[in-house]
Structures are given as structure tokens and as C-alpha cells.
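This is the structure I have questions about; it appears just below.
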Amino acid sequence: MERIAVFPGSFDPITLGHISIIRRALPLFDKIIISIGINSEKSSMFSLEQRLSWIRKIFIAEKKIEVTSYGGLTVDFCTERNANYILRGLRTSTDFEFERGIGQVNRKMASHIETVFFLTEPEHTPISSSIVRDVIKHGGDVSSMIPEEVEY
Amino acid sequence: MERIAVFPGSFDPITLGHISIIRRALPLFDKIIISIGINSEKSSMFSLEQRLSWIRKIFIAEKKIEVTSYGGLTVDFCTERNANYILRGLRTSTDFEFERGIGQVNRKMASHIETVFFLTEPEHTPISSSIVRDVIKHGGDVSSMIPEEVEY
Amino acid sequence: MERIAVFPGSFDPITLGHISIIRRALPLFDKIIISIGINSEKSSMFSLEQRLSWIRKIFIAEKKIEVTSYGGLTVDFCTERNANYILRGLRTSTDFEFERGIGQVNRKMASHIETVFFLTEPEHTPISSSIVRDVIKHGGDVSSMIPEEVEY
Amino acid sequence: MERIAVFPGSFDPITLGHISIIRRALPLFDKIIISIGINSEKSSMFSLEQRLSWIRKIFIAEKKIEVTSYGGLTVDFCTERNANYILRGLRTSTDFEFERGIGQVNRKMASHIETVFFLTEPEHTPISSSIVRDVIKHGGDVSSMIPEEVEY
Amino acid sequence: MERIAVFPGSFDPITLGHISIIRRALPLFDKIIISIGINSEKSSMFSLEQRLSWIRKIFIAEKKIEVTSYGGLTVDFCTERNANYILRGLRTSTDFEFERGIGQVNRKMASHIETVFFLTEPEHTPISSSIVRDVIKHGGDVSSMIPEEVEY
Amino acid sequence: MERIAVFPGSFDPITLGHISIIRRALPLFDKIIISIGINSEKSSMFSLEQRLSWIRKIFIAEKKIEVTSYGGLTVDFCTERNANYILRGLRTSTDFEFERGIGQVNRKMASHIETVFFLTEPEHTPISSSIVRDVIKHGGDVSSMIPEEVEY
């Protein structure tokens, strides 16, 4: 049976932290579907098309990676795509408590889907999409936090 | 002197976690007033009437439980109703730090009112009203997280 | 049915934080049994007799308080003494995670026994028996952390 | 070289907790610039003028304190003002994780600027500007949480 | 390339929480080596032979599981056994901070070895080997926390 | 008035994390006294002389740094040396809760002494003396965690 993982997120924008998690998890899976959750209530800084396009550019050479978007529940998308794993990175204990809640509720709804966590690299711990957006809004330089493919 | 507790919350909607806390705390008090705080700034998914009606239906047989709503400060409502205790459940350490701040500020304003905490059952730890609303919005099944009286 | 609580601990020595929790919880219960757990593996700074004697002196005027010691499991002692509640104070989130584990395991073993938590006063948050012992060992002054009845 | 610190914040309104941090940190620095970050997206309860005026009144006698506001990134404001230190208070571990992220990202952008943390006094731990605003909105008394100079 | 994981631990004794993690992680790996770290400084309640024998009995039917012990560093054992993954369960945020330190130091020493985390089931959150030992020492019943194969 | 800080610790052994904190804090103080607390109950891996000698070698060129040891309470040592500041690094939220307790108790005993915290660099977050000792005991390579002056 194929080991397929969904890496769900907003990726608004994708950061060096996300990329490190994906590259390090890649050997463990037969396929990783990086998938942007469409949330009608939360407004994003960058358009869905823009975000998809950056991620596709970054992983263009990776045959095992697919980049897409989805609406609805993450577990429903996983089921539809035959993915038994959700991939997530963990930075801080605040992160952990949030992810634990989501992960355990996902298993209540679909007990065959497991969330698999990788640790961020220490130097990526302070980097999050929301802090990147905040720095951008105030005119700061985020080149040490995002890949060069993210041009805005 | 009667031991009266107020269990304040949004209950948007009430979950199996809330119900477990209330039933387990009931023998300790002479009366528990489940009371929905009316917060003009925070919009709710379900109407106040709807939320009150569900809670009343669940506890219809419990003579020691009253279900109502209130505006203003929780400690003022407690004083008005002669309640010396605020009842709260604790799920996670993030919960705890939030509740500790509220509880200690409540005592600064009304030193005779104590917050009394019960632990959630382990299986209810991931369940919160906000996660229930999120699953509902995405069309998921929340029947393992809320009581059957909550029909929407 | 009487509301009896056991407040278990090492009380090596009892601090102002413990006393505040006990006094504030007293109106909620018909009886509080302050009980020193005898742990053959953990060595204490002060003898069991000394610790019991200090606590008895502090609460000599409180008819609803009993002071004693016990071996074995806390839940077995509670059952023997007809106590349905374990009383504990919460200072920090590290405390909370520790207490949650103990409290949930206690309910696994004796589902009718609930742990009831009160918050420490903000000014007592940094005070613990272990920090008091540490200051004593280094020759410091602990008079702002313990009651005057604790004479050593 | 002068030791200049910026104490950035919203101060909406300034609390007794902020004041304690500033007064205790004052001997360590040659100058502390209390500076209100102007955030066009976040609406405040009190106007910028009002907030500045309260802080100026409180510290009118302190020659080493300057009160001002700034737009843009905190590190850019620090550079402009020759300040090598950002001063912050720490209340809880949730605070800490948030501040660590900001502080480490600030060093990524400007490695010569260090964030220096002081601990809040235990009795100020539950006090935050957001809890003060919440109590004010519900008609409560905040006189034990803010200085008398904050008149509204 | 084979996906081999080492699940290191003391397993003193193995709990229902450990077993759940292993069974749920099994489909993701080609082999899981459950391996008891031999720590000359830490004394165990049960002998190494006893602990190995219990684990072997539990997983006797699983072809993909091997049960063994090791001395020295976990990463050295992984390298020797061609394992690129260390498997660990996460229960609480205290757990998380501890595991993050170990996991990131392991990567400093052997950058090709990744720690992969699974979440414990909510009902297993309060269960740990140390709490099991503590209940056993006090004469309590641990049958809801350990597998029936663990007979002592 | 001189700004003198004591950086207390066991430094068993000193790590790259400690060194980074000291170097970054140096411009803020007129003198930093790195001081090894002598704790008769805690056994160390390296002798006091060895630890002092490594630290002296590392900072031999720094005129503002003094290296010494002390018995008794840290605040008493500070008073004796006219130091109004205790310098500490913060890595994790577990660290923070521990340090907050110590720091607030120190102020209870000596209200003129403030603890000043610096953040560790992200890449030093997983490094602690205890993890270094653990790796050494198991025969691992700690050269990425300690300075070259630490030869053992």
C-alpha cells in the first residue's frame, strides 16, 4: 500500500521552515501532496494562485510532490486522495498543543488517518508565515526567512 | 450558607466536555447556574435562544441546575446571584494560563469569589466549542463531540 | 452526603501558599483532611512528626480541619476516609501538566474521586516547599514564605 | 557608548505591570524610549494621543525617559534612535514563547539589537492591557491594575 | 531504500500508550526495532530480560517488529542498524520540549536521522511508565494502563 | 553606579549557548562575574577547578569578565560583590517557568537585585550542559556544542 501524506496549510507564504520539513520527510513517503486549505473566512495576504505557483516552482524537480488546494475538511480530502498520513512540523509547545487538538479530532473523525510530526530545525523555530507577513507589512527584509522563489 | 457556583461560557455549542464537568461537579454544589455570557462584540454561530434551549433540554431533570444568560462582568453576576464559586474545566496548559489570568483578576475585583477547576476527562481533551464549529463549517460529523440534544 | 476533601502533600515544610489554598477552600467542604503522604523512598528535610505538629498548630482553631498522615495510594486513603474530593493548588503550567496526569490516573483507579483545583494567589506563585528548603540549606531567610508556626 | 533601550508596545492602556518593569529597568540604561507602535490594522480602545499623554504624565519627573510613537519595524526604529536594546517584561510561558519568536526574528534582521527581559512582579502577573480593556468594557473597576494617571 | 525506525525507551514497563503508538506507526515503516536503552546509572524496577520478554510476547505475531537492547548513543545504534528514523510518541507539552531537545541534538550528531512523532490517543495521555511504577509501589491496580502480557 | 552582573551556574561544562549569552550581554554591563555555585549535594562531572580553568581560558582577553565560585545564596554573593543584576539565558518555556520562580524568590529576599534575561540563539536552543554530559557519557561527539577550550 502506498504511503501518501498530505501536508496541509495556508502557506501564506511558504517559508524556509516548511521547505525543510517537506524535504526531510520526503524519503519516508511515496508521495507528499502539499495542499492549500481554502478558508472562505480567513483572508490571505497572497492569492491562492500566487501561493500555488511559488510552491510548484520550488518543488518542480521533485517527482514525488504534488501541489494543489482543497475545500472542506482535511480528513475528507485525505480520504479522497487515499492519503493515510497528515504531515506537520512542530516548532514550539504552543504549536504542539494546537496541533495535538487538531490531530486528535481528526482521528475521532477518521481513525485510519495519522498525523506524523517532524521537528523544525532550531534555526527555523522563530519563522512562521504570520511573522513573515508582519515583517513584509512593515517594510522589512524577509530574505532570510523565505525561499528566493517567493517574489512579491 | 449555600454553595452556589456559576459555570460561565459561550457554549457555542455546548460539548460533551462541558457536560461531563457539570455532572461531575454537581454533587459538590447546592446549585450550579450555567450562564451564557452575552458578548456584544463576539459573534456566535448559534443564537442565544438556541444555545439556552439546548442546555435546558440536556439538564431538564436536574433540580440543582439553572440555565440563564448575563451581561457585564462575571463577578457582578455572581454577586447578584449570591454565588461564591465560578466553575471551570481545564483541558490543556494553554487553557490553564488563560484561566489563571481571568481567575486571579476576578479575585482582585471580588476577593470572596473563588474559581474552582475540574479536569476534563482525557477523551474530551481535544474537544472545544471552537473546534466543533470549525468541523461543522466544513461539513464534518461532530456527533462524537456534542450531545444529541444539540440539533442544528 | 458530606463533602470531604483530602489535601495530600509532603508539606516539607508547609508554606504560605498551602495555607492560603486551604483557608480559601474551607467554606466549600464540610471537612478537609490535610494528610502527609509517607513516601519511603523520598527523604524529607523535616521529620513527619515535626511537619504534622506545625500544621496542627496552624489550624488548631479550625473545627473542620483534621491533620494526619497516610501510606499507600491517595485514592485508597480517600476511600477509607469517605472523601470524594482531592484538593490541590495550581501555580504554574508545569504544575498543571503534572497534576493533570496524577488526577486523571486517580480517576482511572477510582472514578468517584474528583480532584478540585484552586489557584494560588499571584504573590504565592514562586513559593514552593522545594524552593523553601533550598533557601534554608543556603542559610537564607524564608520568613516571607512560611508561617511563623514553622520554627526550625 | 550609551545604553539606550526601546520599550515598544501598544500601552492600550499602560498598566501597573508596565510601570514596574520600566522603573526597575531604568538604572540599567542611560535612556529608555517608551514607544507606542502604530499599527494601522489593529484598532485601539484609546487614541494614540491619549495613550502618549498618560505615559508622559506618569514619567514626567524621569529625565532618562522619553515617550514617543513609531511606525514600521521596531528594529528600524531602534536603529534610527541608536538603541541597541529592546526592553520587554515576561509574565507567563505563553508570553515567553511569543516574545522569543519576535526577539529571535528581530536579531535575524538586526543582529546588533538584543531584547532584554525583566520578570513582572508576581502580583502583576494576571494584569495585561487586554484584560484591563475587557473589564472596562463590562463596567468593572480597574483601579488596582492601572495607575491613577490613566483617567478615562 | 528500506524505511527502518528505532523506537527507543526504557519500557519499565511497556504501557498501553507505547503499544498504541507502535501499532499505529507500523504501516508507515518496513521495520520497527523496539530497543531498550541500557543506562548503567538509572536503576530500573524490572530487569532488562523481563522487559524484553514482555515486549516480545506482545508483538510475537508482528513480522515487521524486532525487539532488542542497546548501549551507547541512540544515533550510533540507528546507524549500525541502518535505521534513518527514530519513532516517539508525544503526550504533553512538557514531553514535547524534552523530546525536541533530544531530537535536535540527535540531528546535530547525525543529520540523516529524523525523529518522527505520533500523538498518543487522548485516553492514554495520563499514562506513563513512571506513573505505572508509582502505582505498583503503592499497591494499586494498573490493569487499565498496561497490557495483560506484563505479569509481575 | 557601576552595572555589575553575576552570571551564576554550574557550567558542567560551559557550552556554546552560555558563551553566546555572555558575549552578547557584555556591552550592557561594566562587569560580568561568571560564578560557579558550589552545591555540596549535587555531584558534578568535572571538578570545580577544571570548570573554572576552562571558563578563564575562554574569556582571558575580556577585561570586563571575572571568573570565580561561591557558596551560599546567589543574592548574598551579589550583595557582597555589589552586583545588582543576575544574568540568565532563556531557551524554552520549561526553562522560563523554572527561572521565573528562582528570580521572583530572589527579589523577595533582596528586592534591589534584578534578574536580566537574554534569549539563546535559535541554533543553541537544544544545547544544555546536561545533554552535553549525557552525550559524553555515551561516547558521542560534542564538538558542535562546546568551545574548543573544553578539553577532557
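Here the chain labels run A, B, C, D, E and F in written order, and each chain numbers its own residues starting at 1.
Throughout what follows, contacts are C-beta pairs under 8 Å (C-beta built on N, C-alpha and C of every residue); 3 or more make two chains touch, one makes a residue touch a chain.
Given the structure is predicted, the values throughout are model-derived calculations rather than measurements.
Going by residue numbers, if over half of the contact pairs line up, that's a repeat, so tell me which of B-D, A-D or B-C repeats A-E.
Matching pair: B-C.
Using C-alpha centres only, name the chain that sits farthest from subunit E.
D
How many angstrom lie between the CA centroids of subunit A and subunit F, rounded to a whole number?
38
Mind checking the centre-to-centre distance between subunit E and subunit F? Centres are C-alpha means, answer in whole Å.
34
What are the residue numbers in subunit D that touch two or more other chains?
92-94, 97, 100, 103-104, 122, 125-126 - these are the residues of subunit D that touch more than one other chain.
Spell out all pairs of chains that touch, sorted by label.
Every pair of chains meeting the touch criterion: A-B, A-D, A-E, A-F, B-C, B-D, B-E, C-D, C-E, C-F, D-F, E-F.
Where on subunit C is subunit E touching in the complex?
41, 71-73, 75-76, 93-94, 97-98, 100-105, 108-109
Which residues, counting only subunit A, touch subunit E once they are in their complex?
1, 3, 24-25, 27-28, 84-85, 90, 93, 96-97, 100, 103-104, 107, 114-119, 121-122
Which bits of subunit D are touching subunit C when the two form their complex?
92-93, 122-126
Per the contact definition, I'd like the list of subunit D residues that touch subunit B in the complex.
So the residues of subunit D touching subunit B come out as 92-94, 125-128, 131, 135, 137-141, 144-145.
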